[in-house]
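Below, chain A partners chain B and then partners chain C, in two separate complexes.
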Partner chain A sequence: MSRVVVGPFNRVEGDLEVHLDVEEGIVVAAEVAVPLYRGFEQILVGRPFEDALVLAPRICGICSVSQSLAVARAISAFSGVVPTDNGHRATALAHAAENVADHLTHFYLFFMPDFARASYAGEAWHAAIADRFAAVKGRAARDVLPARARLLETMGLIAGKWPHSLAFRAGGTTRALDLGEIMRLRAILADVRAFAEEVLFGRRLEAIVALETLGDLDAVAAGPGDFAAFLRLSAALGLHELGRGPGLVMSFGAYPGVGPGGGDVFARGTLDTGTGARAPLAIDRIVEDPARSWLAGEAGPPARATSEPDIEREGAYSWAKAPRYGGRTVEVGALARQLVDGSALASALVAPSGATHVAGRVVMRLVETARVLLAMEGWVDALERGAPFCAEGAMPTDGSGVGLVEAARGSLGHWMTVRGGRITRYQIIAPTTWNFSPRDAAGRPGPLEGALEGIAVGAEGARSVAVQHVVRSFDPCMVCTAH
Partner chain B sequence: MSAGMETFYEVIRRQGITRRSFTKFCSLTAASLGLGAGAATEMAQALETKPRIPVIWMHGLECTCCSESFIRSAHPLVKDVVLSMISLDYDDTIMAAAGHQADAILQETRQKYKGQYILAVEGNPPLNEDGMFCIDGGRPFVEKLKEMAEDAMAIIAWGACASWGCVQAAKPNPTQATPIDKVIKNKPIIKVPGCPPIAEVMTGVVTFVTTFGRLPDLDRQGRPKMFYSQRIHDKCYRRPHFDAGQFVEEWDDEGARKGYCLYKMGCKGPTTYNACSTVRWNGGVSFPIQSGHGCIGCSEDNFWDKGSFYDRLTGINQFGIEANADKVGGTVAGVVAAGVAAHAAVTAIKRVASKKPEQVG
Partner chain C sequence: MPDERFSVLWLQAGSCGGCTMAVLEHGARGIFAELETFGIELIWHPSLSEETGEEARDILAAVERGDRRLDALVIEGSILMGPGGTGRCQILAGTGRTMVDWVTSLSARAGVVVAVGSCAAYGGIPRADPDPAEATGLQFDGADRGGALGAGFRSTTGLPVVAVAGCAPHPGWIVETLVALARGDLGASDLDGAGRPKFFADHLAHHGCSRNEFYEFKASAERASDRGCLMEHLGCKATQAVGDCNQRVWNGSGSCTDGGYACIGCTSPDFETARGFLATPKIAGIPVGLPLDMPKAWFMALAALSKSATPRRVRLNAIADHVVVPPGRAKRGGGEGGET
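Right, the complex of A and B next:
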C-alpha cells in the first residue's frame, strides 16, 4: 500500500489537501485535510452582536451574502425582528444572484477545465472541449465572465458592494429600491437569461426546469450549448458511477419568505437516497465532533461548542470538525437541495444506484440555476413600490439563536449566544464542513473521504483526473470550511 | 514562454485580441489612472516594445474576496487583457495546473524571471505555531512567501489582509495573522487596501506596474496616490445632506429613503481613504453608502478593532483620527483642519441660523 498526497488544489476556493492510501491502483482510504484556519469563532466573542454582520461575511469572499444572511437570521431568531415582504424579496434576489454566480463559476472555471487536461488528449471530444473550456484560455471564460459580472450588478443595486455587502439585516435590506432600479434589475435578468439560454443551455429556461427523466436529459444532450456538452462527456466517462455520496442528504430550506404561502422556495428536510425516506429537519440532531481536528474538546451540539486550537491533538489531520446528523454523515449542495425539494429529475438521477454522484451534482447545479433565474424574475415583479424594505424593532441584550441558510454549496448554520449585548459564543458549520468532514471519534469517514474510496487511480496516483472530478463535483469552499 | 523576451503586445495578439481593442485598452487604462493626454500613446509604445513583466499571484490566509472582485472588473476588455497578462504565470485559484505540478511552475517562473517579476499577494501569513494555520503544498505559507519575495522586483499587497491584517488579525488574533510588510522588509511593497479592493483599482495598479515597469506614486502608508488620496466623504453624493444636517436616524426611515447622510448610523466615510465614492462598485453601479449603509472604513488600518461598526464617529477622538489619517497619509488637502464632529455641528448651526424650514417631500 502506498500513500499519496493530492494537493494543493487549484481552482478551488482556499487550500485543500487530500491524502490517499492506494493499493494496487485502487484508493482504499482517503483523508481530507483543511490546512487553513483563522479563528473567526474566537474573534467574534466579546464583540457587540451586530458587528457579526460586518465581520462574519468576511469568512468568505465567494459566498459572503450567505454568511451575512446566517448572521441576520440568527439575530432574527432571538430578537423576533423579521424581514418585511420587500425585505425578503430584495434579500432573496441578492442571495440568488450570488448563488447563481457561484454555480456558473464552478461549472465554467473550476469543473470543466479538468476535461481539457492532456490525460484526455486521446479522446475524440478532447480538442473541442479544450478549445472551449481550457483554464483561463478557453473561449467559454470570455462568455461567462461578462455575463456573471452583469448578474452581479444586481448586488450593486441591492447591496452597494459585493463581496462583503453591508445591506443585509435582521429586518431586511437597508436599500429601498425605486422604480428606476427595479427596471434595471429586470434588464439585468433579461441579459442573464439570454446568456443562459443561448450559451449554457441551448434552450429556454422553462424547458430546462421541465426536465424530469433521464430520457429528457438525453434529448438535451443531443442539442447545442455547454450543458449538453457536459452531458455528452458525462455519458462517455460514466460520471454517474463516480464519487458515490454518503446516502443522506440535507437542506435547510432556501429563499424564505418568497416561496408559496410566504414559506421557503426550496423545502427543508433530509432524504435517505438509498431508501427514499424523507424526514423533517431536526436541528438538535446536529453534533460536531473534533476527534480528528486540531481543535480541543469533545463532540457536542454547536450551540454549546467552542473552537480552541489544539495542535498537539493526537490523530488530528484537519482544521475542520466533523459534523454529524443523528450520527450520520451528510451530503449538502444543489443536488441535496433539489432532492429534498422533491425534484423528479434529481430523484431519477440517483435512483439507479441509490446514491449521489459526480454527474448528478453537476446536472442539478445547472438545473437549479435555471429554476432560480426564473424565480428571480418573479421576485422582481413582486417588489412593492413604497412598501418598507427593512423592519426595525427593539433588540434584546440577551438571547441565543441559530441562523440557517442554504448557500450555493449547501447548508450553512450560525449558532449565536448574546449576553449584555455582546457575543459570548459563536459557532459556524459551513456546507463544505459537512461534505469535506474529517473522520469522527468512531472512525466514520466524511462524505468526500467515502466518495474517494474505491476509485481506480492506476499508475497516475496523485495525478488521477478522476480524483479531481470527485473533489470538484462538491464545489468545495475551503475558507468557509474551517473559518 | 520564452524567458522574458516576448512583449505584452505580442502576447495579447497571440490570444486573439485585435489591434483596435489594444488601442482602446490603452486609452481606457490611461484615463482610469488619471494620466495625461499623451499617456495612452506612451502606454501603447511601452507595451509594444518592452518585455512583458510576469506577475505571480499567491494566496495566504484569506477569503479570496480580492480575486472575486478582480475578475469582475467592469470593462470586459480590461479584465481579459489583464487576465492574459497574469495567467501566463501563476495563480492558485484559476490556473490550469494542479498540485505539485503547479508548485513546479512556481519555482520555474521564479528562477526564469529572477528579479523581474511582480509578486501579487492576496491574504497574509499567520505566524503562530510556526505558520501551521496556513499550510500550502505541505509547507507554511510564510516560508513560500519569503522565498518568492526574495527574487521579486516588487510586491503588490492585495486587500486589507495583505496590507494591514484585516479581520483575521482582529483581537485576539488567534493565528497571529500578519501583514506582508511586517514579514518582507527588503522589497518595495504597494498596498492596495480594501476588503476587497475595487476591481478597477486592482486592474489599474497591476496595469500601471506591468506597463511602465515601475511603481506608481505611493503615499506614506504605501498606497497608490491615484486611488487613495481622497476620503469617501470628500466625494460622497450624500455630502450635501451632511452639510445641511440631514441624517438617517434608522434603517429605511424617511431620511433613508430621501438619501440623507448616514453619519449618525456609524458611517466612517469621513476618515476613510478610498475610491468607492468615485469609481464605485460592481461595474460602477453603486457603493455601500448608496445601498443605504454607512462606510465601515474597510481600506483603513485596524478598521476591525476600532469599536462597533455602528458607533458614530464622535467626540474628542475625531480631531485626532482625522489629523492623524491626513498626516500619515501625507495627503493634506487644505480643507481638513476641522474635525468632522465640529464640521457637522457648524453646518447644522448654519442651517438653524438660516431658519429655513426643512423641506418635506
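Right, the complex of A and C next:
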C-alpha cells in the first residue's frame, strides 16, 4: 500500500489537502485535511452580539450573505425580532443571487475545467470541451463572468455591495427599494434569465424545472447548451457511478418567509437515500467531535462546545471537527436540499444506486439554479411599495439562539449565547464541515472520505482526474469548514 | 523569445477568498479578458487555475528557484504566525510548509509584492482580539510597520508592499493597481503612508455619500433602514476612513452607506479592533470619532448651527425608510429643492 498526498487541491474555495491510501491502483482509505484555522469563534466571544453581523460574514467571501443570515437568524431566535414581509423578500433575493452566483462559479470555473485536462486528450469530445471550459482561457468564462456580475448587481440595490455586507438584520434589510429600483431588479433578472436559457440550459427555465425522469434528462442531453454538454460527458464517463454519498442527506430549509403560507421555499428535514425514509429536522441530534482535529475537547452539542487549538493532539489531521447527526455522517448541498424538498428528478437520480453521486450533485445544482431564478421573479413581483423593509424591536441582553441557513453548499448553523449584551459562546458548523468532515472517535470516515474509497486511480495516483471530479462535485468551501 | 507578459502569482493566505470573489466581478468582458488585454499572465491562482497538486507545486518551486520570472506576487489573506509562532495555523496544502514560509521565500523573488485586502495589508479581521492565529499583515502589523516581511522589505524592483486595503476592496482598486504596476505606472510615490495606492486612498469614504445633505444638517438616522446620516448614532466612520467608495459604484449601483449601513473603516489598519461597530461611541452625547482634520470645537459649533437650521423635509426624511417629504417645487422659474 502507498500513501499519496494531493495538494494544494485547487479550484475549491480555500485550502484543501487529501491523503489517499492506494492498494493495487484502488483507493482503500482517504483522509481529508483542512490546513487553515483563523479562530473566528474565539474572536466573537466577548463582543457586543451585533458585532457578529460585521465579523461572521468575513469567515467566507463566497457565501458571506449566508453567514450574515445565520447571525441575523440567531439574533431573531433570541430576540423575537423577525423580518417584515418586504424584509423577507429582499433577504431572499440577495441570498438567492449569492447562491446562484455560487452555483455558476462552481460549474464554470471550478468543476468543468477538469474535463479540459490533458488526461482526456484522447477522447473525441476533448477539443471542443477544452475550447469552451479550459481554466482561465476557455470561452465559457467570457459568457459567465459578465452574467455573474450582472446577477450580483442585485447586491448593489439590496445590500450595498458583495461580498461582506451589513445590510442583513434580524428585522430584514437596511435599504428600502422604490419603484425604479424594483424595475432595475426585474431588468437584472431578465438578463440573467437570458444567459441561463441561451447559454447554460439551451431551453426555457420552465422546461428545466419540469424535468422529472432520467429520460427527460436524456432528451436535454441531446440539445444545445452547457448543461447538455455536461450531461453527455457524465454519461460517457459514468459520473453517476462515482463519488457515492453516505446515505443520509439533510436540509435546514431555504428561503424562509417567502414560501407557501409564509414558510420555507425548500423544505427542511432529513432523508435516507437508501431506504427513502424521511424525518423532520431535530437539531438537538447534532454533535461535533474533535477526536481527529487539532482542537481540544470532547464530542458534544455545538451549543456547549468550544474551539481551542491543540496542535499536538494525537491522531489529529484536520482543523475541522466531525459533525454527526444522530451519530451518522451527513451529506448536504443542492442535491440533498432538492431530495429533502421532494424533487422527482433528484429522487430519480439517486434511485438506481440508493446513494448520491457526482452526476446528481452537478445536475441538481443547475436545476436548482433554474428553480431559484424563477422564484426570484416572483419575489420581486411580491415587493410592496411603501411597506417597511426592516423591523425594529427591543433587543434582550441575555439569551441564546440558533441561526439555520441553507447556503449554496448546504446546511449552515450558528449557535450563539449572549449574556449582558455580549457573546459568551459562539459555534459554527458550515456545510463543508459536514461533507469534508474528518473521522470521529469511532473511526467513521466523513462523507468525502467515504466517497473516495474504491476509486480506481490506477497508475495516475495523485494525478487521478476521477479524484478531482469527486472532490469538486461537493463544491467545497474550505474557508468556512474550519473557520 | 522571452515572455513579455507581466506574470502574477496569486496565493491565498489566511483569507476568506472574498478578494478573489470581488475580482471576478470586474470587467465588462470578464476579468480574464481584461487581464489579457493588459498583458497580465496569471501563472497560478488557487481558485482559478487548472494546475493542481504536483503541477501547482512545480510552478511554486520554479519561481522559488528563480527559474521562472515573477513580476508580481499577490497575497490575499492574513499571514498566520500561530500557534505559538509556529505558523501551523496554515500549511500550504501538499507542501508540508507553512504559508508564512512560502510567502517570505517567494517575496524575495517578486518584482513587486501586492497585499490584496486589509488582511494581507495589515492583519485584518483574523487579527481581532484575542488574535487566535497570531495574524499579521505583510509589511504592517495593524498600524505598526513590520509584519511578516519586515519594515525594511523592498521587492526586487525596490518597492515596499503595495497595500490594496479594504474588506473586500473594490474590484477596481485591485485591477487598476495591477494594471498600473504592469505598465510601470505605479511607483513608491504613488503610495500613502500605509502603503495604499493614493488613487483611492487620497479620498474619504464620505466623499460623494448619497446621505450628504443629511450630514450637512446633522439629520441623523435612528434605526437601520432610515435614510438619514449614519454618523451620529449608527457607527458610521466614513468621515475618517480612506477610499473613493462613494465616488464609484459597487455591484452596479451600491456602496456601504448607500446600502443603509455604517462604514466600518475597513481600509484602515486596526479597523478590526473596534467594538460595537453598529453604534457610535459618545462622551456626554457627543460622538468620539469626529472628522480627523477639523477642530472639534468648530465641528460642534457648526453641527449645532446646522441642526437648528434643518429643513422639515430633511428632518423627517432622515427618520423614514423612503422619502416622506419631497423637495418643494418652485412656483415659477428658478430651481427646485427648497422647502415648501
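To be clear about the criterion, the second predicted complex is superposed on the first by the 483 of 483 C-alpha atoms of A that agree within 3 Å, B and C clash if a C-alpha of one lies under 4 Å from a C-alpha of the other, contacts with A are read in each partner's own complex, and residues count from 1 in each chain.
Quick note on the criterion: a contact is a pair of C-beta atoms (placed from the backbone, for glycine too) under 8 Å apart; a residue touches a chain by one contact, two chains touch by 3 or more.
Everything numeric in this text was worked out from a predicted model, so none of it was measured.
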{"item": "Three-chain arrangement built on chain A, chain B and chain C clash or fit", "value": "clash"}
{"item": "Chain B versus chain C as contact partner of A:81, first or second or both or neither", "value": "neither"}
{"item": "Partner chain in contact with A:16 - chain B first, chain C second, else both or neither", "value": "second"}
{"item": "Partner chain(s) touched by A:129 [first = chain B, second = chain C, both, neither]", "value": "neither"}
{"item": "Chain B versus chain C as contact partner of A:7, first or second or both or neither", "value": "both"}
{"item": "Partner chain in contact with A:64 - chain B first, chain C second, else both or neither", "value": "both"}
{"item": "First, second, both or neither for A:339, with chain B first and chain C second", "value": "neither"}
{"item": "Common interface residues of chain A - those touching chain B in one complex and chain C in the other", "value": "5-11, 13-15, 17, 35-40, 42-43, 46-48, 50-51, 53-55, 58-62, 64, 109, 113, 116-117, 134-137, 142, 145-146, 148-150, 152-153, 155-167, 169, 171-176, 309, 311, 388-390, 392, 462-463, 468, 479"}
{"item": "In the complex, chain A residues that touch chain B", "value": "5-11, 13-15, 17, 35-40, 42-43, 46-48, 50-51, 53-55, 58-62, 64, 109, 113, 116-117, 134-137, 142, 145-146, 148-150, 152-153, 155-167, 169, 171-176, 294, 309, 311, 319, 388-390, 392, 462-463, 468, 479"}
{"item": "Footprint of chain A on chain B - complex, ascending", "value": "15, 59, 61-69, 71-74, 76, 79-80, 83-84, 87, 92-103, 126, 129, 132-138, 166-168, 170-175, 177, 195-196, 250-253, 256-257, 276, 280-283, 285-294, 296, 298, 304, 308-310"}
{"item": "Sites on chain A touched by chain C in the complex", "value": "5-17, 33, 35-40, 42-43, 46-48, 50-51, 53-55, 58-62, 64, 105, 109-110, 113, 116-117, 134-137, 141-142, 144-146, 148-150, 152-167, 169, 171-176, 178, 184, 309, 311, 386, 388-390, 392, 462-463, 468, 479"}
{"item": "Chain C to chain A touching residues, read off their complex", "value": "12, 14-22, 24-33, 42, 45-54, 56-57, 78, 80, 82-84, 86, 88-95, 125-126, 128-133, 135, 167-168, 223-225, 249-262, 264, 266, 275-279, 321-322"}
